[in-house]
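Here come two complexes built around chain A, the first alongside chain B, the second alongside chain C.
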Partner chain A sequence: MRGQRLNKILLYNEGADQALNIEEIAEYLRKKLAKVGVEVRGDPFAFYLLQNKILDYARRIASIKIQEATRRMVFGQEPLYGEIEYEKRRILGKTRAFGILYDGLELQRIFWELIPGEERRLEFVHIFFTNRLFATWEESDKRYHARTSVYGMPSIISTTGVVEAPAKPREYYLLKQQYEMLRRDLLELKDAFKGRFIDYEDERLTEVMKGYAMQAVFYSVLGEPFCEDKGCRLYNAHWQEELIFAQLGSEYEFCPRHTKFLEDEEWALRR
Partner chain B sequence: MGIEEIEVKEDKTIEELIDELGLSSSPILLELNGEIFYPDENYDKRLKAGDIVAVIRIVAGG
Partner chain C sequence: MVEKFSPVGEKEVTRAIASEFVTQFLEYVESDCIIVGGGPSGLMAGRNLARAGKKVLIVERNNYIGGGFWIGGYLMNKVTIRHPAERVLDELGIPYKEVTPGLLVADGPHACSKLIASACDSGVKFANMTIFDDLVLKEDGRVAGVVINWTPISALPREITCVDPVALESTIVMDATGHDAQVVRKLEERGLIKTKGFGAMWVERSEDLVIEYTGEVHPGLIVIGMAVTTVYGLPRMGPTFGAMLLSGEVGAEIALEKLHERAKVK
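What follows is the complex of A and B.
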């Protein structure tokens, strides 16, 4: 198993959940990928964006909001003034996006423009951690599906997506319906299922995100971020219980095939 | 596999290559001579016979 050579991994924090410790993820990557440079760049808008472009980016991000999960968006429509202003405040770090669903591919494309031309190469792994919730359209069932990650250039990983995209235990949804009918406090229900799904500001978030960062690395090296082994951190979990097992509960971090690949290090270009 | 290398057999544009591969509506990036780009921003760019183009499929997870 040979792969694309890597030079550097660059980590960005685009308003990710406050429980996320990106420095700890960087340290983890340095240990796993000793021959590859890892750099934490912080807020990509602060790092790259010229002040005179903020309004333009705010308008474009506001225009990729998904209005209905079952209707494929036609982009390019002018967003409302309030939506643009909201996104402007979001870019400037004066508010935190919440309750908005964005088109994941379009969001990735906007983030792509923030990457300098000389770093738009396969040897650079750009990973944006964001708290924006995004979804991608599936032709098979004609609807948007919330996602934890979109791997490309850059790879974007959502700390909100890791809470909302993988399904919670089936019993949770059944009981949730009952709680809503009886107008009971949903926090009680969350407490009853505590630990069985990743929640907002979850203390396990950083550990979980190390695995997603590795999926982004493997995507850049091999073109394939996932592994079929349910105990490997590269497993593409669609259920919270699968996610918790792959990232926290398994007896091993990576399956034998991916462990060997990490040990091999042929693909590391230079530090 | 998310990254596939293709050798261009004869001179053509990026748009012609994408059409030929049936990827015009797929979420992909292309790499040529080390540089990555979105195909629709470079549809008129001409490829030469022998060029190696990497097709990078964008993959969603979770």
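What follows is the complex of A and C.
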């Protein structure tokens, strides 16, 4: 265990799904961690970014786009003009459109630069909620895997990732294959599975994201965001069914071990 | 009483076809915008540009116009469109019904023929059975027209035919050739651009992104419709046509801006 003193949790909204209520998450964290300050900062680009840096950031974000899931990206290639323009519009808040896959670790690195130097310390937990989808490279099977979150400084949590990364029911994929062959609209298919996975603009999203925010907090304090208990909110769900159970369906919020941490108000403040 | 057709000879028929064709051809050797590809995005862009008073020629390799808009998935002639693109259907007077919230279905032949008719009524001209062969590039690297040939020429072996193409000039060229992105590919062959190829199908997101990335990809060249996905490596489009119609709209707006800028330069 690392044992890190917590000072403040800072929540950012980088174009996250509109169903996400960050104020509600902040309130939840305040209740769970009574002695830790929680601040909602909104759009990190609007908060920190200097006007003369917009083009530079747009270019860098455009250059960390993953082209192929099975080919490890070598970054540094100059992006196309249109790609930079799109990223500029995103940074300026002129669009929330998403659908690009980024390298999660590179994205985390870019977001890290947006944090003022004096707050780049482990006593601050920076959590960026975004609708950008990101993936990390897995050496074991030589491919990128979409992720809901990448924890660290800062922690980034994707409202798109929570829809796309944990696997949907097996029958969904079998039918999806058929729908694609027939060129039928997948909206119809999603309707048939409604409720069995977290979707875009899902009214359950905020509740689910409270668990992911707690994973980020536990990572900062203990160095381990996850729990092996399937009913604990810190469970690292790989299936939507598991995710829904851990975040919404379990009889308890946290397993006995993690509940014990949270019952001790001084827990997160000790070194 | 049975109506009688006018007594017209073969030579008059041939003369009428040829003279009208040549007149139009000569007029359109130079235009404001040449759109390569007569599918829904190309038709929509052409229609809106022509409605704004611009001289527009659509180059189409088939003898029919409309691309894949005649038919939906699995050769079934119903086309799906997602909200908010139904406003285009309303504008064109195309009937549709909502099958699930945000998903609309229209009759392919009705939708396609109305769009073609609207483009024609707006003043768009067509060069069908015509293949895009190459780009015209000016000294500054700006795209300034297209090189074309007859479609059947491309089907003949080079050993037995040698028909040189001809060039048409325009201030703007649009690539509306679908996933092939044929026009942009020509730039790529010359090392002027590097396309990304399209990604895995992710229909829900691809439509928004197609609109976002519609735009000028090289001076004088605007990319619209499904070609956008190939150029930028975006998720591959599914069977819905809303993004193609709206991408055509956005492409026309951008072309008007560019034409305005060029007019000021001249």
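Things to note:
Here is the rule we use: the second predicted complex is superposed on the first by the 259 of 271 C-alpha atoms of A that agree within 3 Å, B and C clash if a C-alpha of one lies under 4 Å from a C-alpha of the other, contacts with A are read in each partner's own complex, and residues count from 1 in each chain.
In this section, contacts are C-beta pairs under 8 Å (C-beta built on N, C-alpha and C of every residue); 3 or more make two chains touch, one makes a residue touch a chain.
The structure displayed is predicted, hence computed values, not measured ones.
Under the clash rule set out above, the superposition-derived model of chain A with chain B and chain C shows the two partners fitting side by side. Touch criterion not met for A:195: it reaches neither chain B nor chain C. By the touch criterion defined above, A:116 reaches neither chain B nor chain C.
Applying the stated contact rule after C-alpha superposition, one finds that A:236 touches chain B and leaves chain C untouched. Applying the stated contact rule after C-alpha superposition, one finds that A:149 touches chain B and leaves chain C untouched. An angle of 120 degrees, to the nearest 10, separates chain B from chain C at the C-alpha centre of chain A in the overlay. The partner of chain A that touches more of its residues, comparing chain B with chain C, is B. Legend: residue contacts after superposition of the two complexes on their common chain; A:76 is shown touching neither chain B nor chain C.
Residue contacts after overlaying the shared chain place A:183 against chain C, while chain B stays out of touching range. Superposition on chain A places chain B within reach of chain C only down to 19 Å, the least C-alpha distance between them. In the superposition on chain A, the residues of chain A contacted by chain B and by chain C do not overlap at all. Against chain C, in their complex, chain A makes its touches with residues 65, 67-69, 80-83, 85-86, 89, 95, 97-101, 180, 182-188, 191, 200.
On the side of chain B, the complex with chain A involves touching residues 1-4, 27, 29, 31, 34-38, 54, 56-62. Those residues of chain A whose C-beta lies close enough to touch chain B in the complex are 4, 104-105, 108-109, 112, 117, 120-122, 136, 145-153, 161-162, 165-166, 212, 215, 219, 222-226, 236-238, 243. Listed in rising order, the residues of chain C touching chain A in the complex are 72-74, 80, 82, 99-100, 102-103, 193-194, 196-197, 199-206, 208-209, 211-213, 215-217, 223, 231-235, 238-240.
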